[in-house]
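In the two assemblies presented below, subunit A is common to both, partnered first by subunit B and then by subunit C.
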Partner chain A sequence: MKGQIRMFETIGVLVIFFFMLGLAASVYSNYRASAFEKQQRGLADLKAGSAADSAFYLPELDCNFVNVQTPNCFDVYKLNSLADLMKDRSFRDSYFPLFGPAEVKIKQIFPESDYNVALYNYTTPYSRAIVSRSPVLLYDIANGVRGSYAFGLIEVTTYAP
Partner chain B sequence: MSRGFEMQFHWIFVLIAGAMILLFFFSLAQKYKNISEKDLSASLSWDLDSAFTAVTQIPDTAQTLPSVPGGVSITCNPVCSVNIGSSQKPVGDKAVFSPALLTKKIIAWTSPFKMPFKAGNALLLSAPDIHYYVVHDEFGESEREFEVLSSSPMWSYLTITGLTYGDLHNVQYDGSPQVKFVFLGIKDDIPSSFRNVEVDGVSINNYQASYLKKPRNSDSWIQGITVPLPYDDSSIHAAMASQDNRMLENGLQNLYRQLWLVSSVYSGRLAQLDDLKKSGLLQDSCDYSEAIDLLLEIRKDAQELKGNVHQTSKLADLKLNADALVLRNEDLVYQSCPTVF
Partner chain C sequence: MRRKGQMEIMGLAFIVVIVTLGLLFTLLFFLTKAESNALPQSRLEILSANWINTFLGTTTDCSQQTVRELLIECARSGSSSLFCGDTDACSKVQQVMDITRQSTLDKWNLQYYLKATGPDDVGAISAGSPCKGKQVLGTQAIPAFGFDLSMDLALCG
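Showing the complex of A and B:
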């Protein structure tokens, strides 16, 4: 009888011990889940920054003269040409490794103009859209003797799942 | 008798319960260790990828990236991927040329791929613990290739010894953990002091790269597959930095893919300029028809080469078309017309 009581005591202690252990594990797993979410957000931000940088430095769009480049500048005829080519789904898919699910738009802001190019659009269901905007020069080589520059804005929206 | 049996049972119960508790804690600790390692390697892999993206965007620069615990390995089978611990990330559209294993700090530099306009950047990786011996013929055809390598920013970051073929056999092994011989010309025998060391090599001759391997305790090279290179300086760097033909082929495919994309955009741009000329907004002397044809040819060559880098006839075509486009571009400069590049 005494032995049985002792055994019940031991089992009781073990039950309480495992209950507390379970409680600690659930608190810890909650903490891990929130840390994981934070890490995923950080990675999504990193990807968004990388996509925005990639768009900014595309050799397809740069303004150059005999292989000398003007920094932070897009040639408008290259922009139009790329936007036109992107209408072809297989061509657009060639840029997926670079941008992933994202939208890239360029618009002229000064002098005021309607010039607006939707360069890349690959929308998927998402939980968060990260928008990154950078000023850029838009160069029209055929406007005037030396061509003309305008101020524009490149907007890269990256979709995080 | 019954009490003795009860006591025995009690101790067996205590032992089983204790073992279970210990097992539980061990498995928890192991799981935590695995998760932490996975987290760390995934986060390092992303950090490295971002660093590679940043480096790729700035041509002709060399940067030092901090070493990664456990090292970084880059394997190509057939698509290349960067491996850190258990994390594996494909290199994607980046043209990466690197040794198979980077254990110390990483030197990353870029070389623009121009055919004849810039189509992208080759991302080249190496480490200071790899000793390169660049063997050249000081009065031969390889002198230009030697100049390309020695004027690059990586020359001062890496451990490189420039040698002439005459000096080659006087070289003594200095104990470097990794050794690579780069022959700018035909391959030669390896100095006898390297007999007990495993050595990698590449012979870059007339825009063809042949990979070599010398096993430990051997005096002769085992030659691998030869890869034809595009006629551009970046390909010399790429051949030197690549571990083997598979890595070189993979990187070149990505560069040709870039050339295909950029030449498509350029031909579309010239078609617009041609329309402007036809509508009188550009002077009549600005003739783009030949340049458009050349760009379409370059596009076609690049498209075929991105599928198979071994087509030497396509590479020769590409060179001819690129040279013709340079001349056409110069004509446009003289005529004060908007240029192709």
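Showing the complex of A and C:
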């Protein structure tokens, strides 16, 4: 009888021990998976930030007048021309190293208008879409005596696999 | 005696098991907590600076003056002069501010405080409410002879 009780005690201790071990292993594997996912997200965010910065400050679209550059500004004529060129697949692909799988859109906010340009579009299957936005001036030289600046918005959607 | 000792050991073991389980569940909770979707500080700084720069450079329908020029006019003549047809320069700036912030900052669900700094009528141009905690402040001075003018945008982080 005494021996049986001792045996039950030992089995009880072993059961609890293996249960705790299993729980600890489960927590650790969750932690490792979570840490890896966090690292992947961090890398995707960095890539998205880099693509967004490249789009926000594209030298092809800068507003330049008599060697004076207006910061944070896109020339509407340059923008329309680049958008037309981007319709050619090989031309668009030459911007892939800069933007990666992403979508770049520019629209006018003020004065209110339907002006909306899809500058770059390279969509792939993705698990996460990271959107970066920035206000930008849209310069139209033909509007008014000295041209006009509209309040625009550039939106860069980067696709993470 | 022996029985008492055994009971004490069992009690201790029970407490250790409970404490360990509690620690493990706490760890599990913190490790699998959902991440915040708030924009990082660096992004907020860029957004704040770009927003102010774009806003001040925007051309209005008031004699093709930019918001920057209208603010200077607002500082000079205040809200008493009808500079823009049936409205004054200060009101025009407020109007443009309301349209642009509603389509951008409000739409993105950002908490912010947008304020022009200068003489009385300029100082009345504002939107949003002051940040209670952390904030990212962007500011741009407006060169105007005789006035200290600036536009500030605080994004609450």
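The definition used in the following text is that the second predicted complex is superposed on the first by the 131 of 161 C-alpha atoms of A that agree within 3 Å, B and C clash if a C-alpha of one lies under 4 Å from a C-alpha of the other, contacts with A are read in each partner's own complex, and residues count from 1 in each chain.
Following the convention adopted for this analysis, a contact is a pair of C-beta atoms (placed from the backbone, for glycine too) under 8 Å apart; a residue touches a chain by one contact, two chains touch by 3 or more.
Predicted model, so just to flag it, every value in this text is computed and none were measured.
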For the overlay on subunit A, clash or fit between subunit B and subunit C? fit
Check whether A:T10 is in contact with subunit B, with subunit C, with both or with neither, and answer first, second, both or neither. first
One more residue to check, A:G49. First (subunit B), second (subunit C), both or neither? both
Thinking of the overlay built on chain A, is A:S34 touched by subunit B (first), by subunit C (second), by both, or by neither? second
First (subunit B), second (subunit C), both or neither touched by A:D93: neither
Check the residue A:G144 against both partner chains and state whether it touches subunit B (first), subunit C (second), both, or neither. second
Should A:V136 be classified as contacting the first partner (subunit B), the second (subunit C), both, or neither? second
Have a look at where A:F110 lands relative to subunit B and subunit C in the superposition and call it first, second, both or neither. second
Given the touch rule stated above, what does A:N64 touch, subunit B (first), subunit C (second), both, or neither? first
Subunit B to subunit C: minimum CA distance in the overlay, Å? 12
Across the two complexes, find the residues of subunit A that touch subunit B and also touch subunit C. 49, 56, 145
Subunit A-facing residues of subunit B, complex: 3, 6-7, 10, 13-14, 17, 21, 24, 28, 35, 39, 43, 46-47, 49-50, 53-54, 57, 92-93, 114, 116-121, 257-258, 261-262, 264-269, 271-273, 276, 281-282, 329, 333, 336, 338-339, 341
Within the complex, subunit C is touched by subunit A residues 13, 16, 20, 23-24, 27, 30-31, 34, 38, 41, 45, 49, 56, 70-73, 109-112, 132-137, 143-146, 148-153
Subunit C to subunit A touching residues, read off their complex: 13, 17, 20-21, 24, 27-28, 31-32, 35, 40, 43, 46-47, 50-51, 53-55, 57-59, 61, 64, 66, 96, 99-100, 103-104, 108
Parts of subunit A lying in touch with subunit B, wherever the complex brings them together: 3, 6-7, 10, 14, 17, 21, 25, 32, 39, 43, 46, 49-50, 53-54, 56-57, 59-62, 64-67, 69, 75, 77-78, 80-82, 84-85, 91, 94, 97-98, 141-142, 145, 147
